[in-house]
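The following pair of complexes shares a single chain, chain A, combined with chain B in the former and chain C in the latter.
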Partner chain A sequence: MTAVENEKSTVTVTLNGVEIEANPGELLIDAAERHGTYIPRFCYHSRMKSVGMCRMCLVEVDSGRGPALQPSCMIPVGEGMTVDTESEATKKAQDGVLEFLLINHPLDCPVCDKGGECPLQDQTVAFGPGESRFVEEKRHYEKPIPISDTVYLDRERCILCDRCTRFADDVAGDTLIHFMDRGNSTQVNTFPDEPFASYFSGNTVQICPVGALTAKPYRFKARPWDLEETISTAWIDSVGSRVTIQSSRNQVLRLLGVDADSVNWGWLSDKERFGFEALNSEDRLTAPMVRVDGRLEATGWAPALAAATDALRDVDPARIGVIGGARLTNESQYAWTKLAKGVLGTDNVDAQLGDGLPVEAVLGLPRATINQACTPGRTVILVGPDPKEDLGALFLRLRHAVVNDGTTLIELTPTRTGLSTIAAHSLHPKPGEVDLLAAALVDAVSGDAHDAAGVPANAIAAAAASISGPVTVVLGRASVAESAAVTVDAAIALSQLEGVGFLSALRRGNVHGALDMGMAPGLLPGRVPLRAGCDAFDQVPTEVGMDTIAMLEAAASGDLDVLVLLGSDPLSDVPDADLAERGLAGAGTVIAVEMLPNASTLTHADLVLPAAAPTEVDGTFTNLEGRVSVAEQKVTPPGTARADWMIAAELALRLGADLGVESPESIRAEIAVVSPVHAKLTETALADGRVEGVLISGSSIEAPTASGSTTPANDAYSLRLVAARRMYDNGTMLQASASSAGLAASVKVTLNPTDFEKLGLDAGTVVKVISGRGELMAPLAADFGVPAGSAMIPTNAPGSNVNTLIDASASVTDVRVERA
Partner chain B sequence: MSYFTAENLETAHEIISRYPRKKSALIPLLHLAQEQEGWVTDNAMRQIAELADTTPAEVKGTGSFYEMFKFHPVGAYMINVCTNLACQLLGGEELLAHAEESLGIKAGGTTADGMFTIEDVECIAACTEAPCLQVNYRYKLRLTADDLDQLIDDIRNGRATDIPEHGTLGLVRQHIPAGAGAGIVAPEQATERPVWLARNDAAAEGREG
Partner chain C sequence: MADGSYLKGFGVTFKKLFEDRVTGDYRGGKGLEKGKPDEKRPKADRLHGRHVLNRYEDGMEKCIGCELCAGVCPAKCIYVRGADNNPEAPTSPGERFGYVYEINYLRCIHCDLCVEACPTQAITESKLFEFSFTNRSDAIYTKNELLVGDDGKPQQLPWEDWRDGEDTMTSGWMRATSPAGDHRYEGVVHWAGELGYGLRDPETGQSAEANDDEGARPAASSVEHG
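Right after this comes the complex of A and B.
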């Protein structure tokens, strides 16, 4: 070999007579597609392993031994390869494969949901025989069988491409569907009485190349040619998955995942995918409401806004509070910050509900992107919630990185998570002591291994030894029953690791946008502190205001005249139900700006202003990496509901100020001027980042400082509480989604089985759980994934809310478990 | 929900310990389950899934690929009559019809007393001895109708001592002494390239050079 050939970094392939350069190791099917030649396929999916099941991608390949038909999804390109995708042999093969695939296919396209967007239909037209010679009886199965609460399977239509089963097994790790039987009887199916209850089941519907898998929310709703669509961003959690929103006759009917390389790779959690149902719900607020004699009654915008203005006018800014805002677009968040901080002059604004992290921990530490975390050969340390429960699409990315790319995962979590089976090390500290464990891990890296937080030194040393390459810390609140300070202290300890980056695991839809837009005490738009000031604001508060917990405490003691709930439900979400109740009851006027009525609105709001949903407004969202991507209006809001920024602008006008905002674009233009970090967020950049978004980096927020708090030891009779979120809960949006509402499991208390003996109780027994704050009743469940000495209760589960047990001012919550 | 008897559970653990990955033990575990009850019950598959760290769906998917695993109750004696070409030419179909008549069931069916199941099978690779059949996978060759009746009678009366009950297999029960295993490690733990690959490389180099 000559030196020149050695240096060549591409592989030359002759494709249909033209020389192309392919990447070494690239599959022929991909190389051809990149160069404009689409090879038909059914089973191949670029985000999954090739299996060569369907043979649709056969092409004539000559690697020096003469031309032969080869599946292009199974062979990597080779130097000097000659490929013919249009030869007679190729065409005959495609024709034949299709004829075979159609032998048992029912050809029921007129009644099939896939009709019009069906790869089998399309490719049969493009490459198929046009006529069948098969006159025998086709295979028959009961038509569609539900394989889960949401997904239906029509086995007659299935062409056994292995996409759904591969997704379930390889991508999601939920091997609940599988090929059963063999030969002519081969079929996809579940185990009897064990449904395909995967948080990610909807993806199989999207990737099924025929109409075999359909999802309940879309069945028989529309034909593809009736749909209008736009690329947008999912709003359910903070991953910011890119989606296509499809609508017909002014109603959103379906969301599909878009393959954004830096974000979700085309995958969605079912909650992201089907969450739009809540927006179509009959419960949507369509007109303002005002409380008259204790009841909420519909009213017009004029009187409602007048009432709101009356409440806000001439009030001491320190006695006004705004809780929430993570639901809003960046533009609406900016408008509300401008109203609150610049017009009303209050710094009591908090988009988080006491269940998140202080600003410094999110904006003051070096940040990492999802792709950085998932770069082969690196290490991810999880100090936060179970991504499978909270951030579905991120879970799939992390899972892929660990399983396929050799990423080392170390968990420092209070219980087992959805990633534990693939984690290199799962260390479970005593609740409230993850900071000690993190510090011990850092010590162990420098050779000083010692016991910490109930985890033995050798386990910590082994974890430390497994760290390779730069570290990404996925940082969030694993349990709302322990204070945020513990998580922050853990982050500070881990920030000493070399080349460390942090990926925030705050979960609420646009909570990172809210922080970037200044919706936290002490913060202004652009990741700057109050003292940096803001030219576009008439005034800027001088004193750092209160966070949600402090606001509720102030309200409880009668020190808050107006409380604005900006798409928030403190009663359900604040990890101290007692405080939330006292705060809402004690606040002067409670104004709720909401899409759907929630527990707090229904019981405490004096005034409700109906807000438009994410599919009903133009704007942008910011994800957990700081990536800004477009959300585009697809449908009009119900009734007279309005975009949140309009409501802020209207209120400002009535208060004699002008926010100077006319449209989302005008707000965006102002943000780009005001915020030092958003300068590059131009309309051109957004258009170029139509799929991938625009990553916003940099921050003037300082790193957090150690809290110095220590967690008290618990007595021998109590268990330490872990309150963690589950994908499906009693949340307002979820409960308003017809097909997801029933999926939330009712509350239970999960203990390590070894604790059962100590307590003399059994799984299934209904117990009373008592804390210093309150008590609840729930049945017991056993799980070795919960360490002995801990009690795990999901947050906001149907039945009883664990928040009744939690005291927001305590660093941990200890509970007694007794027979009820 | 546990299915295996204490003794079988012990065997199951022993079988699992032979493999670098628990899941690799699925097939022998399914045999063990089938041996216990004569067929593989749903409960058995649930327990196997637990033991092998996988899901029942994967256990059933893997097992149902194989004809010899039965997922519904079958007779203690499973008679597989071959009706493929060689046997057909020499009276296989007649033999099957005779079996059906003698036992009063159709192919695929099981006698009411749970003794016999008849199956119509494809070539069982004994064409030179056609027509032939298997009883619990033990071959009976060049059978006449009378031979078949005699066989049924022998089984009924406990004289067919050479045929164990359905599901009985010897191999899964063999004990491999410690240290006598093949010492195979999981692919992700393998540090050295397998010997045969190195041999291939050498051969390839020879060709190129």
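Right after this comes the complex of A and C.
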């Protein structure tokens, strides 16, 4: 090879007589498709390794030794290759492969969910034999068997393409479905008594090229030709996964993942995929409600808005509070901020419920994108929740990066996570001491390794030594039983690492949009502090207001006259349940703006205004990177429910102010003017970024400063509490989703088995867990992934809520575990 | 037009004005007043009237809720939704049944494409077409109204004008291929078995060629009927 050839960056291939330029190493099937020649396929999937199972992609390839049939999904392009995708031999091969595939195929297209969008149907029509010669009996299996709560498997229809099994093994890491038996009886199945209980099972339904895997929420609901679709953004968590929303007859019936290269690669967690069921739920609020004699009764908008305005008029702004807003679109969030800060004049606005991070930790540190975190050769340090439980699609991206691209993962988490098995180093600090561990890790990088937070020096040194390339810190609250200050201090320590970027792991839907739109104390739209002012607002509060915890404390002592719950449920979600209860009870008028009634609404709201769901409004969402992507209205809201921004505008009007908002577009235009960072968010940019979104960067928020708080040592008899979120919990949205509600595991207390002996208890025993705040009863479970000395209890689990144990003002929560 | 040929057309209209009206013999019609019998003209074998939803001999519904009829309908007048059969008490054989089935007769153009599309011969058209509605919801036939009774016969709805026997040959099904998928039937019209009224003989093809080939075809009674 000459030097000139070495430098050549493309490979020339002759495809059907035309010379094309392909990228070196590119698969033939991809190169052909990029140049407009679609080679039929079943098993090949661009986001998974090729396996060459189905042979549908056979084409005639001549690499110098004469033409031969080769699977184009398995061979990379080579210089001088000649490919014929239309030759007699290719056609005969395609015809033959399809005839073989159909031999054992039941052809129950009329009752098959895939019928009408089925690659097997389509490719048979396009490339297959016109008639069947097969007259023998086909193989038979029991028609669909449920392999999990949401997925059905019809083995007769399976063409053994290995997509689902590859997804489960390679992408999700949940090795729960496999091929079994041999020859004619080969079938996909689960292990006996082990269901396909994966958080990501819905992806297999989407990628199955036939109707072998079907999803319960969509099963038999419609045929593809009934569906209308629009591209949108998943709202369940903050990854901002791109989806298509499909509906029929004004009802959302299915969500499919869209392959956005910078976000979710087409994958979705089941919670994102099936979460739409909650929006179709019977329980949706369809009319405003007002509390009469202790009961909520339906009323009209006019009296409801009048009551709300009466409550808000002439109230000292310091005595008004707004909690929540992460559910809203950016546009609605802006309208509500404008109402609260610009019209009412209160800075007591907080979209987080005391379970998140201070604004400075999210907006004041250099940020990283998912793609930056997943760049080969880099390092990811996880200081936060288990991404598998909280941010499903991010978990899949991180997992792929670590397994396939050599990204180094170092975990600084209180317990084992879904990524621990592939992490280079899993260091589990004592709860409340991750800041010390982070500082020790930074020290170790500069050669000074020492013990910290119960982790030995050599483990820290080894982790420090494995750091390569720029570091991305995935930052969030690993446990709501420890104060946010600990996480912030850890972030400050890690920010000394070279080239560090932070990827926020706050989980709530559009919480990052809420921060960008100023829904936090001391903040205004555009990532600017209060003192920067805002020209579009009539007034701007001068004093920095209260956060959720402070608002609830004020309310509890009778210092809050109006509390607006903007799609929030403090009783379930504020880490300190006792405080939430006292706060809601003590607040003057509680106004809830909600899609579905939750515990707080039902017990404490005096006035409930029904809000439209994300599939029912136009707008945009901002994901954890700061990426803005569109959410499009697909269906109309139930009853008289309306978009949150309309409610804000109505209230303002009745209070004698005009928000000047007419439509989501007009609000976006105003945001682009008001916010120094959103200037590039034009309608054109949004249209160009229909799939990938528009990344918003820059911030005027200063970096956080160290809290200086220290965590007290616990006594020998108590365990330190870790309260972490699980994918499926008692949350209002999940419980309103018919097929997922039952997936929430009931509460249990997980300890390291070595602690069992100390306590004289066994797994399964029902114990009483006592803290300074309260107590709960739950059975014990054993897990070596929970370090000795810690007790793990999931948040908001059915049974009892761990937040009854937590005191929001303490930095950690120590508990005693006793036989009940 | 200058030759006045259009007058010929008016001539037809003029002549018809003085003929007996076909509709005159209906119940309540003018013919009855003149003492004519309450009788309708016989209808052509292939007349496309309103639909029926058929059942199998065991009473199970044939419709599997596949929506193919709705998909093919050029007038978009069929609304179908499927649902899971209750395995304990299935409505139709197999996994899926037609849970919602509606045809809007204000839109239906009786093209019979739905009948052609149906994989189970569930939907067929009867020869019943004489109905007049006084409100829109009557014109939308629901599944309960379209379904044949246990005896396989259509239900007479209050706004339909029927004479005895007019509901025969309703579940007759025809399309250009045989129900058994036998290629020898290609291009030949064939009638399926009728639960209520028994078998109808196949028509004798539409072209001489097909007739020539008849000997090669199995007799109607030897063809399996779904």
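Quick note on the criterion: the second predicted complex is superposed on the first by the 817 of 820 C-alpha atoms of A that agree within 3 Å, B and C clash if a C-alpha of one lies under 4 Å from a C-alpha of the other, contacts with A are read in each partner's own complex, and residues count from 1 in each chain.
Assume a residue touches a chain if its C-beta (ideal position, glycine included) is under 8 Å from a C-beta of that chain, and two chains touch if they have at least 3 such contacts.
Bear in mind that the values here come from a model prediction, so they are computed numbers and not experimental data.
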{"item": "Touched partner set for A:38, first chain B, second chain C, both or neither", "value": "neither"}
{"item": "Which of chain B and chain C A:784 touches, first, second, both or neither", "value": "neither"}
{"item": "Touching partner for A:181 - first (chain B), second (chain C), both, neither", "value": "first"}
{"item": "Touched partner set for A:222, first chain B, second chain C, both or neither", "value": "second"}
{"item": "Partner chain in contact with A:144 - chain B first, chain C second, else both or neither", "value": "second"}
{"item": "Touching partner for A:111 - first (chain B), second (chain C), both, neither", "value": "second"}
{"item": "Touching partner for A:191 - first (chain B), second (chain C), both, neither", "value": "first"}
{"item": "Which superposed partner A:717 touches (first chain B, second chain C, both, neither)", "value": "neither"}
{"item": "Complex contact set, residues of chain A against chain B", "value": "169, 174-182, 189-194"}
{"item": "In the complex with chain C, residue positions of chain A that touch it", "value": "108, 110-111, 115-116, 143-144, 219-223, 225-226"}
{"item": "Residues of chain B touching chain A in the complex", "value": "42, 45, 54-62, 64-67"}
{"item": "Of chain C, residues touching chain A in the complex", "value": "64-68, 71, 81-84, 94-96, 119-120"}
